[in-house]
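Both of the next two complexes hold subunit A, though its partner changes from subunit B to subunit C.
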Partner chain A sequence: MEQKLRQEAKALLEQGKVDWIIGFEPGSLKFTTTPLITKDKNDADRLVINPFIVNNLADFLPEIKGRVGIVAKGCDSRSIVSLIQDNKVVREDVVILAVPCPGIIDLSKVERLVGKDRDELDDVTREGDKVIIKVNGKKKEFPVTEVLFDHCLACELPTPQEYDILLGEPRPPAPNLEVSGKDIENLKGLTPEQRWEFWGNELSRCIRCYACRNVCPACYCQRCFVEETEPQWVMPVPRWQDNLLFQIVRNIHVAGRCTDCGECERVCPVNIPLRSLTREMYDMVDELFHFKAGMDKEALPLMTHYEQEEAEDFFR
Partner chain B sequence: MKQKTEWKPKLVGFLCKWCSYAGADLAGISRKKYPANLRIIKVPCSGRVDPLFILKALRLGFDGVLVSGCHPGECHYQTGNYRARRRIAITKRFLEYLGVEPQRIQASWVSASEGGKFTKVVDDVTKELKEAGPNQLFSERRGDGTKTKARSKGTTRARQS
Partner chain C sequence: MANKKVNKKDIAKLLNQWRQQFTVLAPSKENGVAQMAEWDGKDTSFLDWYRNTVIPPKASFLPPMEEMFRFQKDKEGYHIELPPTNEHKQLIFGIRPCDARAMTILDMTFEEAYQDPYYLSRRKNAVLVGLGCTNPCESCFCTSMGVSPTESTNVDLMLTDIGDQFLIEVVTDKGKELIAKASGLKEATKDDEAKAKETKETSYNKITRKLDTEGIVDKLQASFDDEGFWEQTAAKCISCGICTLLCPTCYCFDINDELVRGEGTRFRSWDSCGFPVYTKMPMENPRLEKWRRVRQKVCHKFEFYPMTFNVIACTGCGRCIRLCPVNWDITQVLESVPVKTGVRK
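On to the complex of A and B.
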């Protein structure tokens, strides 16, 4: 898969079909990968595909001018389709190099599982439904579901629907909603007061670094409402009330465009369980309007159209 | 000595200028009585109401928010109220999931000729909010998660502005 990607990327740049290639290269830390954005065809050999390609590269698309070849997992392709729906990206200007994705390994889950820092691990490899972790020369085997990201367990589209070049065999979806939706179910079992208290406490840790917003492919506003000063909707001081307000409104803004790719939760430096917000919003939009973000590039964006009769029950 | 008065809910209403605002006007002209708990803000269309307005009102300590627009199919701008409906439906459901009492977000369709309906809507909403009690959602808490008393009006304003 990796070899094919390098060849294709090189060919695309050489033939002038694209101006840029966005992909992954090995990161500076062990196991990690980092985004590679390049114009140089020789850089194509640096591209990698492994179980640690976490980033949602669609985030870079609206900012890059020219034609772009982009490496996309299933979730990334949905974000790209969502951007096409919003007229942020022209379909013809993007060459999607589709990676059938078996799920991405969450290194912090691996660390928790073996009780070692990632620097102390010798190797983490995946074989089918098993993940093999080598520590101090000893091999340990775990079921792969224990180390995958939560959103990968709920993945509905491992292989991109919208692509130009498919690298590898398509994979069937196998969403495991029971495991990945556990936190939301637990929350729904609480009373409203307890839930509000829970979110207040979680968001009191927020340092307002806006990493969740910056990493989100659906958050592309030139000027975010939190930065507006006339009127000042949200105080810049990170108090829990304003943090919560920011997070609620952000989720409402991305409703119908959020594909539940889990990037916001991954990048959160204080580990706020943001996916319990995004996933609930995702399911809610599906239930109310039968709309799934990023599935159909011809579909109109959720908030720009309507049905004659829907969601009427609470109107007086 | 401080006199004890009954607590009254504070309600902010975003009324569409083409229908509900005129409906409220008609209620006034017809000398109909409705609770004075509602603070009205005129908006050009219910589609103008950003979920942010609703959240900000709750953040400022309003006990409830009412969004009122034209009946489906009667929007002055053709589609504004349909869009508002999607937005408010999502906002309401999402806030309920987070633990906000469902009574705090209210919506209605009131046309310019429905002064009677407008008084009824405000009546009902006020009653529901009285049951829900004061908005403590964004009041200050201690570090351990327990709630402290709601801050007095003066300090809230000073910190907010």
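On to the complex of A and C.
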């Protein structure tokens, strides 16, 4: 897959079919990759595909001028489609290099599983349905479902539907909603008062780094409501109430465009379980409007159109 | 004063003695993320898991948010009410050498450049008890920034792991007082000193990430206008605040008023030069393009700070590397600054 990607990327740049390639190259720390954004065909040899290609590269599309060849996992491709639906990206300007995705390894889960930090591990490799973790020279084997990101366990589209070049055998979806939705179900079991307390505690850690927003392809506003001062919707100081308001409004703003890529939760430096909000919103959008973000580029964006049967009774 | 030692299992006893006079802060994950938090009087399990905190100890001196004052507005005008004076007698236990150095670097701004009463009231009354690293992170590069992972320079007392015990170096007068108030400490023997020396050497050699800062100020000056280099460097950055807000030497803050029905509060909170709306309030941000903001972050630490205070404002703590959403690595960036002749003046 990696070889094919490198060849295709190089050819795209050589033939002038794209101005840019956006993909992944090895990162500077163990078990990391880092976005590679380049115009240079010689860089294509650095491209990698492995179980650590975490970033949703669609995030970079709106800011890049010119035609782009972009490496996309299933969820990333949905974000690209969603951006096309929103007229943020022109379909003809992107060449989607589709990765049939077997799921990405969540290093935080690995750390919890073996009780070591990621940089203390000798190796983490995937072999089919197993993950092999080497610590202090000893190998430990676990079912891969124990270390994949929650959103990967819920993945409905591992292989992009919208693509130009497919880099491997398509993989069928095999969502395991029971495992992936455990945290959310637990929260639903609480009383509203308990939930309020839970989120108050969690959000009290927020430092307003805005990584959750900036890493999100659905958050592309030039001027985010949190930064408006006239009127001021929310204080820029990291008080838990303001932090909560920020997340609630952000969730409403990405409803119908959030593809459950999990990036917001992954990047949060203070471990706020943001996916418990975004995935719940995702399911509500599905339930109320029968809409899944980024599945069909011809579909009208959820928030800009309206159907008779969506009306509440008082509305009709 | 000669060096002392303490049994690891007696750390709780020691901290409890100090707790009579200080608010003792120690590494904690209680709140879901590793940070210095008020110690509960018993839990010393951090001795097993603690490598470094996510939230840097600067947060105990320049908190993510604080009330500067409250005010009321009536017919006669504004009435200002300062926050209650608090002695802020904090004892930070277990601060790492990189972060302790960062406090010295912050002092240059908050004490030398101007006197910041909020910061200084906390800083003056605090004591720092350092704990040397034995298991540094992959992202640490302190030894390249002139900090050894076990050095005692910027703390009042310094602890070094010597097996079942810690060797205690008494560094300052404040440290002497702390020792005077503690019972149950033993004198360190020659053998202990030898063990500590060995720990220090081993720890030093465990730091594998290196950065060559030779001539970095000149290199950055010469490349300041190299737009192509900075654009490429900034390409994958998403302009979040992680690497600045969580950097132990970054100190930018924002000031905001909240006025509700005539009652107001002035807050100050962490801000970042990486944000597009930075300095939006007094004027427009002169650094609209992302590459200008990334350049500012790098140059502030490695060019402007050395020019003003003769020290690089980076201690190699590695937070910005390990917490960055896109693995933007400051050591790689600095190594890739082009070597140019003809220094910009």
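Heads up, the rule we're going with is that the second predicted complex is superposed on the first by the 311 of 316 C-alpha atoms of A that agree within 3 Å, B and C clash if a C-alpha of one lies under 4 Å from a C-alpha of the other, contacts with A are read in each partner's own complex, and residues count from 1 in each chain.
In this text, a contact is a pair of C-beta atoms (placed from the backbone, for glycine too) under 8 Å apart; a residue touches a chain by one contact, two chains touch by 3 or more.
This one's a predicted model, so the numbers in the text were calculated from it and none came from an experiment.
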Subunit B versus subunit C as contact partner of A:248, first or second or both or neither: first
First, second, both or neither for A:208, with subunit B first and subunit C second: second
Subunit B versus subunit C as contact partner of A:288, first or second or both or neither: first
Which of subunit B and subunit C A:265 touches, first, second, both or neither: neither
Touching partner for A:162 - first (subunit B), second (subunit C), both, neither: neither
Touched partner set for A:32, first subunit B, second subunit C, both or neither: second
Overlap of the subunit B and subunit C footprints on subunit A, listed as residue numbers: 201, 235
Subunit A to subunit B touching residues, read off their complex: 187-188, 190-201, 225, 233, 235, 240-242, 244-245, 248-249, 251-253, 255, 280-281, 284-285, 288-289, 302-304, 306, 308-312, 314-316
In the complex, subunit B residues that touch subunit A: 51-52, 55-56, 59, 72-73, 79, 82-83, 85-87, 89-102, 106-109, 121, 124-125, 137-138, 141, 145, 159-160
Subunit C residues within the subunit A interface of the complex: 31-33, 51, 54-55, 64-65, 135, 137-139, 235-236, 238-242, 245-246, 254, 256, 258, 267, 269-270, 272, 275, 277, 280-281, 290, 321-323, 325-329, 331-332
List of subunit A residues in touch with subunit C within their complex: 27-30, 32-37, 55, 59-60, 63, 117, 119-120, 201-202, 204-205, 207-211, 214-215, 227, 229, 235-239, 263, 266-267, 269-272
